[in-house]
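Listed next: structures, encoded as structure tokens.
Next come two complexes, and both contain chain A; in the first it sits with chain B, in the second with chain C.
What follows is the complex of A and B.
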């Protein structure tokens, strides 16, 4: 019989063993979740990073280096055999190459070479227009959502007294948070695209996305406002400041970091959603970049390419093979990277902030 | 300053101006502060407005659906398509019976092969493997061994073919029986296809005429009377047109009589199966056939009673959407907009997701809040929240590119074949989508459940410990029951999240619009399905604005919207009703 290390150490009874086993079961469940998340991240980072980091090229002018995947527009990929060598080229390159080959063959008096090529849409070039489109969508919709959301939160936290109106508003916010994103898409399509006749445009996408994140922003902002101690307000009011002066000088400055950090979570949501922009703002392909417009007002009424929609298109509309998987994984990697960075920043900043403000 | 309003004080000392003067600029009778208040209040009201607008626009675009659907059903009836579908149903039932026969045959062949061909099968497999190995290791194997292995393979194949032939020979009687049986329906089938052409003719002429009418009214609106008059309208008189279809009733009755006789004649003497244990199935088949024949008078009666001019009621239009078992668009015959297959698809996927996500999410919440140390807590909590940031389209892509194949490969392992539905061949199905959706639901369930557990007062736990309960007992008996309302509402909100998710199901669910076959038991999980969210995302871009299909998609959106509201309401209600009071 072994003796315990010290007299107060607990003996491994059956009950304790069972308890430990159960806790291990819980622990395994927790780590299964983390592993699943890690598997998704790992797969996309492993297979996607080579596309992005393999696309660096040196250029002749400043900054002497460029990343073709990040800076070019999508192109059709041509795969063909020429002179026994298998080549892969983007659309423009392929045409130039073919013409030069034919011309050289004609000059040498040989018959023009035949090119048998397989083509894969969107599989060459890069995703620059999609990145631009996503950034535009995020910036515009967050501007709208922050304006509306912060103002709502100020009302709910500073002005509102519990009454029918406020309860009604809170109920609406709560319910709005549960509405599926595709329903927002339908709503945006019915209201902005058709009823307001804005067509598929940035503006329609902005408002649709803004309304979608509104509950997130309001809840986050209200939490930040509530965290400002009541004494700050009372002190200001006691000195004779009006309500607005109090809010402006004694509440908002202290709540602002919190509002902004928590709203970053809203940015992650806006950037990540596909369904609401499918019919309101996203184009499958567009040659022009957004600032390439004739009138300023055209800027707002143009559709854009967006990263999430591009992922949807390249993963569902073109076949899966070695030539297409590069652009699929590359796009997913860039997109996941952007969204993950935003979310990470939000979570870290929030944890940091919780520790820093102690009144 | 003298004024008639202000009474002048008797001493006439001028009043001192206030040290602090409040400039009360008023807009619409409101002070500056009140204006700001109204501004903020107005912004808060935006949430209400948006919710109202969503409802309004979904209704605005969707509500006309029921009228259009009613019209479509009216044409379906008046052009005689409905009439033909009654007969067609009869034909379809016969096809189902034939399929039953075929299933019996498959079973027989499988049993016989198992009984007699086990050795041959093993030989064949071994020879195949040997050839493959030798051919794979080209350099290592001498050509003579390869040749001999090939010869053995050929021999085994020959034996296999001989076995197949002998089984087929034994089934010859059964095959003639099956053929005779399936041929009995031919006259009915011929009749249906003849009638179908007439009916679709009527329908297409009617639709063409309606299009002309629209064009005409557009010309008249544009003031082009001449062009409008040039369009000749040919009104369809359904009554006379349909008479050509209903007129076949006597012929149908005759055909039906022959059909009945032929069926009964065929099943009078059943063939004897080479596998005795399957004979009861054949007897069952006879009973089924007799039941089938017994339905015929009912069909005839329905045909006789059928009247093309019975009006289609609104409730019919409504119920054909809510209870409609078919979602069929762009069909030459008749488009059906029944939400049931989509709803069931959404439900199946959500259930799979919840079955995976609830145990994981709740266990993780208990672990992190009650068991884990502070450092583990600090690391794991943000990590799980971080998972919720993975965009759903990326998860969908992961499903297409990796998870679909992985799960299918997993299902093909011999040792896992006891799991219902395994092995399967469809890469994209409800299971793939459900597993990914579980990953979406887990962070929601985890965060909310963890919150709920965290809100259980410390005193509860302390009291439990003081009474000598162990940690596990405290957790299971005290903490979790106290937080149960929060956990349940977390699960409901997770369900809402999963039901409303679009991209994952669009990419990974397989997108087959049919009610999954529940007779397969749990194997229903590996069938491809389509969902409500998926159908909107998939078809919205391709439909004509204002058409019935377009409106139907909006009504599906409306259904989704109300499901989301309902789940939200339930979650709040549960939290409020069962909230523990600390007192």
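What follows is the complex of A and C.
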């Protein structure tokens, strides 16, 4: 029998083992999540970056370099053999190439060459219209959501007296947060597209997406407003400020960082959702860019292409092959990048505000 | 400066003269009424009943507060003194479910709960300093001019003038004149409270309500605020709620003692502390309860 050297010597008891096992469980769980995250991002970055970075081309005029994947519209890809060389070309390039080959053959008195090509839809060109469409959808819907959401949060937390009505409104907002996004899509379709007769349009998409993120914006804005010390309001009112003067100059500025945090979450959601825009705003393909309109009012009543919907289309609506996967991952890569950029900009803005208003 | 008494011996009988009690011995209360003791009534509270929801907080308060004097409200926690103070500039309007069932408050003869009274205008005339100093997270300068800016004063010269005048008035000018554009939160606790006082006097109210202004301050900062109160009463009517009886004795002209939502006794401060008419008052000021 060994006697411990001192009273604090560690002894391997069952309790200790359990402690150790618990610690390892938590630790491993965290690592699994980390791995899953790395796998998702790694997969998309690995496969997607080659599409994006492989699309740089030199041009004859300024800025002398362009990225066809980021700056062109989707095209059909043609794969064919010419003179024993396998070539891949987008639609326009292929037509021009074929014309010039036939013309040069005729001029040389040779028989016109035969092109046996296979075509793959949407697998060439780029995703510029989708980027434009997504940015437009995000900016418009967040503008609507923030205006309505912050106004309603101010009303609920600063003006409304706690009662049955306010409790009912809060319950309604909470319920709204639980509605699946496809239901919002259906609602937007029935309400804006059919009943208001806006057709598939930016406006319909904006309102549908805005309604979808409103609960997030309202709840988070209310939290942010509540976090402003009551002393600021009382101090201001005691100096003879009106309610709105108090809110504008002594409550809202300090709640703004929190409101922005909520809108960052909202941006990621608005940019990423496919279901709400599927019926309301998104086109599978559209030749014209959104600013290519005759009158200003047409701008609001046009459908757009969007990144998440484009991923959906190229992943499920066309035959799958080695060429389509390039577009899928390339689009996903650009998509992640854009969401990250928008989020980064909001975070920088928020931190800037936070530094300015500290208490 | 007040020295704290180490022990509080219970009085043998309530009839014993309060001057002999340990608590009152440290007070510097002059026993001779001074010449300028006469004052006009500025605020008149009459038959005032006040409720938080269904709970009655104030019972039948009748009180006349003097112009250009310091009145102290004392009493144990929850006795309604802060509630009454907040009724005087209608700060209680901000709390849901508060109501007045009887009586009213008149300032210069005008019922402040009257239908045609704008609480915003009232609060410009009846300012308030809070228990927890609440400078806005802006610069010292912006804190002072806040009240003027919301009234639409734009002239830089006028704002500068008011800032200096208010900070001098709050005995803070010499300490902060070189850093007016630093955050008000960079000041010490006592300076923050004086900044709040400066901010209040910048809008030139008639009355300054102080809700336990020194409860979060150390003795030195407290002494500075009390000196300031002495200066301020030349220009302003001051009503101060305090938990410290020494403070009431040191800086007030009249004292009202509240207990359980009722006004127990209201008289000259020296009377309250030297010769209270009510046994409860006597017991409270001598430190036997509360």
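For this structure, a couple of remarks:
By our rule, the second predicted complex is superposed on the first by the 330 of 359 C-alpha atoms of A that agree within 3 Å, B and C clash if a C-alpha of one lies under 4 Å from a C-alpha of the other, contacts with A are read in each partner's own complex, and residues count from 1 in each chain.
Throughout what follows, a contact is a pair of C-beta atoms (placed from the backbone, for glycine too) under 8 Å apart; a residue touches a chain by one contact, two chains touch by 3 or more.
Computed from a predicted structure; not experimentally measured.
In this overlay on chain A, chain B fits alongside chain C without clashing. Chain A has more of its residues touched by B than by the other of chain B and chain C.
Once chain A of one complex is fitted onto chain A of the other, the partner contacts of A:169 are limited to chain B, with no touch recorded for chain C. Look at A:242: by the touch rule set out above, it reaches both chain B and chain C. Once the two complexes are overlaid on the shared chain, A:229 sits against chain C while remaining clear of chain B. Of the two partner chains, chain B is the only one that A:44 touches; chain C does not reach it.
In the superposition on chain A, A:88 makes contact with neither chain B nor chain C. Contact with chain B, but none with chain C, is seen for A:336 once the two complexes are overlaid on the shared chain. Superposing both complexes on chain A places the Cα centres of chain B and chain C at an angle of 110° as seen from the Cα centre of chain A, in steps of 10.
Using the contact criterion defined above for the overlaid structures, shared-chain residue A:183 touches chain B, although it does not reach chain C. Closest contact between chain B and chain C, by C-alpha atoms in the overlaid model: 6 Å. With the contact threshold set out at the top, residues 240, 242 of chain A are in contact with chain B in one structure and with chain C in the other. Per the touch definition, chain B reaches chain A in the complex via residues 20, 32-33, 36-37, 39-41, 43-48, 50-51, 53-54, 57-58, 60-61, 359-361, 363-364, 366-368, 371-372, 380, 382-387, 389-398, 400-402, 439, 442, 446, 470-472, 493, 496, 499-503, 506-507, 533, 536-537, 540-541, 545, 553-554, 557, 560-561, 564-565, 567-569, 572.
Across the complex, chain A meets chain C through its residues 161-162, 229, 231-242, 245, 249-250, 254, 357-359.
In the complex of the two chains, the chain C residues touching chain A come out as 89, 91, 94, 96, 120-121, 123-124, 127-128, 130, 132, 134-137, 146-147, 149-151, 183, 185, 196, 199-200, 203.
Residues 15-16, 18-19, 22-23, 25-27, 29-30, 32-34, 36-37, 40-41, 43-44, 147-148, 151-152, 154-156, 158-160, 165, 168-169, 172-187, 189-191, 194-195, 211, 214-215, 218, 240, 242-244, 268, 271-275, 278-279, 308-309, 311-312, 315-316, 320, 325, 328-329, 332, 335-336, 339-340, 342-344, 347-348, 351 of chain A touch chain B in their complex.
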